[in-house]
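What follows is a short report on a single structure.
Order of writing sets the chain letters: A, B, C and D. Residues in each chain are counted from 1.
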Amino acid sequence: MTVPLRVTVWNENVHETTEPAVAARYPEGIHGAIADGLAERLPGAEIRTATLEQPEHGLTEEVLAATDVLTWWGHVAHDRVSDEVVDRVRRHVQGGMGLLVLHSGHYSKIFTTLLGTTCSLDWRNGEDRELVWTVAPTHPIAEGVPSPIVIPQQEMYGEHFDIPAPDELVFISSFSGGEVFRSGCTFTRGHGRIFYFSPGDQEFPVYHHPHVLRVLANATRWAAQPDRPRAAPTIHQRPEPDWFLDD
Amino acid sequence: MTVPLRVTVWNENVHETTEPAVAARYPEGIHGAIADGLAERLPGAEIRTATLEQPEHGLTEEVLAATDVLTWWGHVAHDRVSDEVVDRVRRHVQGGMGLLVLHSGHYSKIFTTLLGTTCSLDWRNGEDRELVWTVAPTHPIAEGVPSPIVIPQQEMYGEHFDIPAPDELVFISSFSGGEVFRSGCTFTRGHGRIFYFSPGDQEFPVYHHPHVLRVLANATRWAAQPDRPRAAPTIHQRPEPDWFLDD
Amino acid sequence: MTVPLRVTVWNENVHETTEPAVAARYPEGIHGAIADGLAERLPGAEIRTATLEQPEHGLTEEVLAATDVLTWWGHVAHDRVSDEVVDRVRRHVQGGMGLLVLHSGHYSKIFTTLLGTTCSLDWRNGEDRELVWTVAPTHPIAEGVPSPIVIPQQEMYGEHFDIPAPDELVFISSFSGGEVFRSGCTFTRGHGRIFYFSPGDQEFPVYHHPHVLRVLANATRWAAQPDRPRAAPTIHQRPEPDWFLDD
Amino acid sequence: MTVPLRVTVWNENVHETTEPAVAARYPEGIHGAIADGLAERLPGAEIRTATLEQPEHGLTEEVLAATDVLTWWGHVAHDRVSDEVVDRVRRHVQGGMGLLVLHSGHYSKIFTTLLGTTCSLDWRNGEDRELVWTVAPTHPIAEGVPSPIVIPQQEMYGEHFDIPAPDELVFISSFSGGEVFRSGCTFTRGHGRIFYFSPGDQEFPVYHHPHVLRVLANATRWAAQPDRPRAAPTIHQRPEPDWFLDD
């Protein structure tokens, strides 16, 4: 890796700007908490943030072209994300940009577009404790975290989670109510690596949890392909046999 | 299975109506050839056809609601398929309707929408022989066909085929030029089972080939879930712990 | 399927013959309970049982050759199963016989031999309730059972379960203690289909639970290939190009 | 990675010591050619070789304990590898040692033991050209090699290759005769990462091919986990609920 890792932390930033309790929990926004956590764990990385209210949601062609990994947090404003920006992000993912989709981002346009399913699930905002168990102990995303990660208070996300069978299932969570959830899943779309990680909520300080932040840092490294020229797969006509001998 | 299997064979039906050579090869259209082949191999099944030029492309809500498995062939007119119909088909697939995507259907709106990738590939319309090798010999879709299936003349479809890693890789093809292709792949989206099968072209009589038709009949049976009520996964709030005890 | 489905239910049958409480719970042995449950749910099937203390553990060449699906329950006597019989069973699985490995069978010689891993796990024999959640709702093994299946009392089996990534993950269980387990997994080895299902213990009446028995019946149907000649894959020299044209 | 990568290149070394033509092709043995190729591409790595005729085949407990990745080439002498050494290698793989199984190593005791299948295939030692196509373009093992890699002369290895469905399918090969082969496959067993790569034969100078050596170097890096303490998964009894709170 010859250049610094470039990360863009995206957040809709609505709860933080409209609910004092959330603002108190995340004084610099969920994006600020994630960016700080990544900066601490990825020394040398260039980390910027972007939010919904910015022009083009802060995700211009230039920003994405200079982003190795994009993290995505959204909840109440999925439908305010413009289709044009979603399409641009999709193109960049297919071209090799890494994407981390977080928690309620399961219902974002970009995630459902890339996965082709409804991404629906069961949920309860109660008094649950979440335990995050590693089921792929050799996966680099699970490196350095205990199994289980104990999250004292969390929103319950339960099966059935309507996703395609993931390429790799890294984590399974359980909740006090007995529900389970495939909470850490990898997918590939085109040249891009995608990781979905469900722990994290505006109501709880999950993005201050050191093991959660470690997973996000691991996943950022895993999803990054800084040496790959950004280009989605394309169709090729090969009229001549043995065309590959000149390659 | 208490009711007859209900199959709808869809075709854009453009080559057959504009090119005499194709019309001669497929006098009842590619859809007619496929429908005949399925009828012969799926006794008792109700098989209908639908084409692009019909109102709503012949794929009304009523037709889809009465379809266990839809087969899809398109090539030059993908962009003439209305987004509304694509969205309707996607909903039905997620709700449990089986979908067989054939050959140049790899670039159809419905396939790229469900897969989330570009579905691009390499191709050459030359003098290739295609060999279709079974790599999942216990899969019901491969039942009763030799490995390889020999197709004397075919368009070459080669890697890289930009699809997500399939749930199951059933067939791999090679071509005279040495190219290879993941030619038989299964996917699941929501409650629906999807099979992509690449052999088949308007320029060659591939849809008269008995082993190709056998694969399509096998795949139709595999993808059908006639006893499942048609409903896509949905979100559920579960406010009460132990909510499942009443189920 | 032109012949009746032939099932052999194997059990080490040690707890039942040495512990009165287990004998009271399973008067005809765990094998008897499973055989009865399958017989009720698979009308027309020929179901026999076999146990450790029989000559060749009841698994002669003749018995296996006449078995479409073998179910395996063992616990304290894994090391009393002869290597010769294990080898014979392995050959039949690779040749197309279905295999259902149940509960503590995770540590059997046949399972570890076929999987290539230690198959170790976490466990606690306490007061746990097990919930069995479906994560592959279109899989035939999950047909007709609620999600979750509620098992009031069960031994806890938890991650990390040291198995290869399964072909298909059908069920995930949680326990009162918060542990999770990949409790329903499919694998393929050679021509044989394998299903591991963890619910079931000598200390609890799990094999009288109707939904557990339904899963076993579904899995039996899924694993059976009665029309396949019993033969493991073998090496072939193909000295002549185009050897397949005569096939 | 705080210590140098430690690689042991194992070879049965029989062809080279009994057939002058092979000795001429590989003057330092196939192991020598592989070791040189890795040394050039993995600067700083400690690369040693070991062969069948050495005491304990050169694979003592001490050697394996000091090996991050073991590469395995064997062909005519699989049955001369002692079961004790195979068992030792298996334990180390399950404990986290990487394993690269090469070409005719498909039939080695260590590979069939870890995979649980016969690993049989089709073959022809003729005049075939092999083309190695990348089907997982984002996989680190495929980094920096063209698709296809062109190998002018090679033994044909064809489907059906009797392996479990691989975790990841990285390469598919085709041959002049039209056969195809899943030539680059990853598997996980316990804590160990395994890569099978079929190109390579004693009759052809394949281990002097720069792209083949690049794949082996990539795979070595991918399989290595130098910071993981060598330990296979083990069973744990967890008698107390919330045992994980002290972790």
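The rule is simple: a contact is a pair of C-beta atoms (placed from the backbone, for glycine too) under 8 Å apart; a residue touches a chain by one contact, two chains touch by 3 or more.
The structure displayed is predicted, hence computed values, not measured ones.
Peer 1: What is the chain whose Cα centre is as far as it gets from that of subunit B?
Peer 2: Of all chains, D has its centre farthest from that of subunit B.
Peer 1: Using CA atoms for the superposition, what rotation angle relates subunit A to subunit C, in steps of 5 degrees?
Peer 2: In degrees, rounded to 5: 180.
Peer 1: Between A-B and B-C, which chain pair is linked by the larger number of C-beta contacts?
Peer 2: More contacting C-beta pairs are found at A-B.
Peer 1: Taking each chain's centre as the mean position of its Cα atoms, how many Å separate subunit A from subunit C?
Peer 2: That pair's centroid distance is 37 Å.
Peer 1: How many angstrom between the C-alpha centroids of subunit C and subunit B?
Peer 2: Measuring from centre to centre gives 34 Å for this pair.
Peer 1: Taking each residue of subunit A in turn, which ones touch at least two of the other chains?
Peer 2: Residue numbers touching two or more other chains: 131, 136-137, 148, 158, 160, 165, 167-168, 176, 178-179, 188, 233.
Peer 1: Spell out the residues on subunit C that touch subunit A in their complex, using ranges where they run on.
Peer 2: Going through subunit C, the ones touching subunit A are 129, 131, 133-137, 147-148, 158-161, 165, 168-169, 172-174, 176, 178-180, 182.
Peer 1: Which part of subunit A faces subunit B closely enough to touch in the complex?
Peer 2: 90, 94, 107, 113-118, 120-124, 126, 156, 158, 160, 162, 164-165, 167, 176-179, 187-190, 232-239, 241-242
Peer 1: Given the complex with subunit B, which residues does subunit C contribute to the contact?
Peer 2: Its residues touching subunit B are 96, 131, 136-138, 146, 148, 150, 167-168, 188, 191-193, 225, 228, 233, 244-245, 247.
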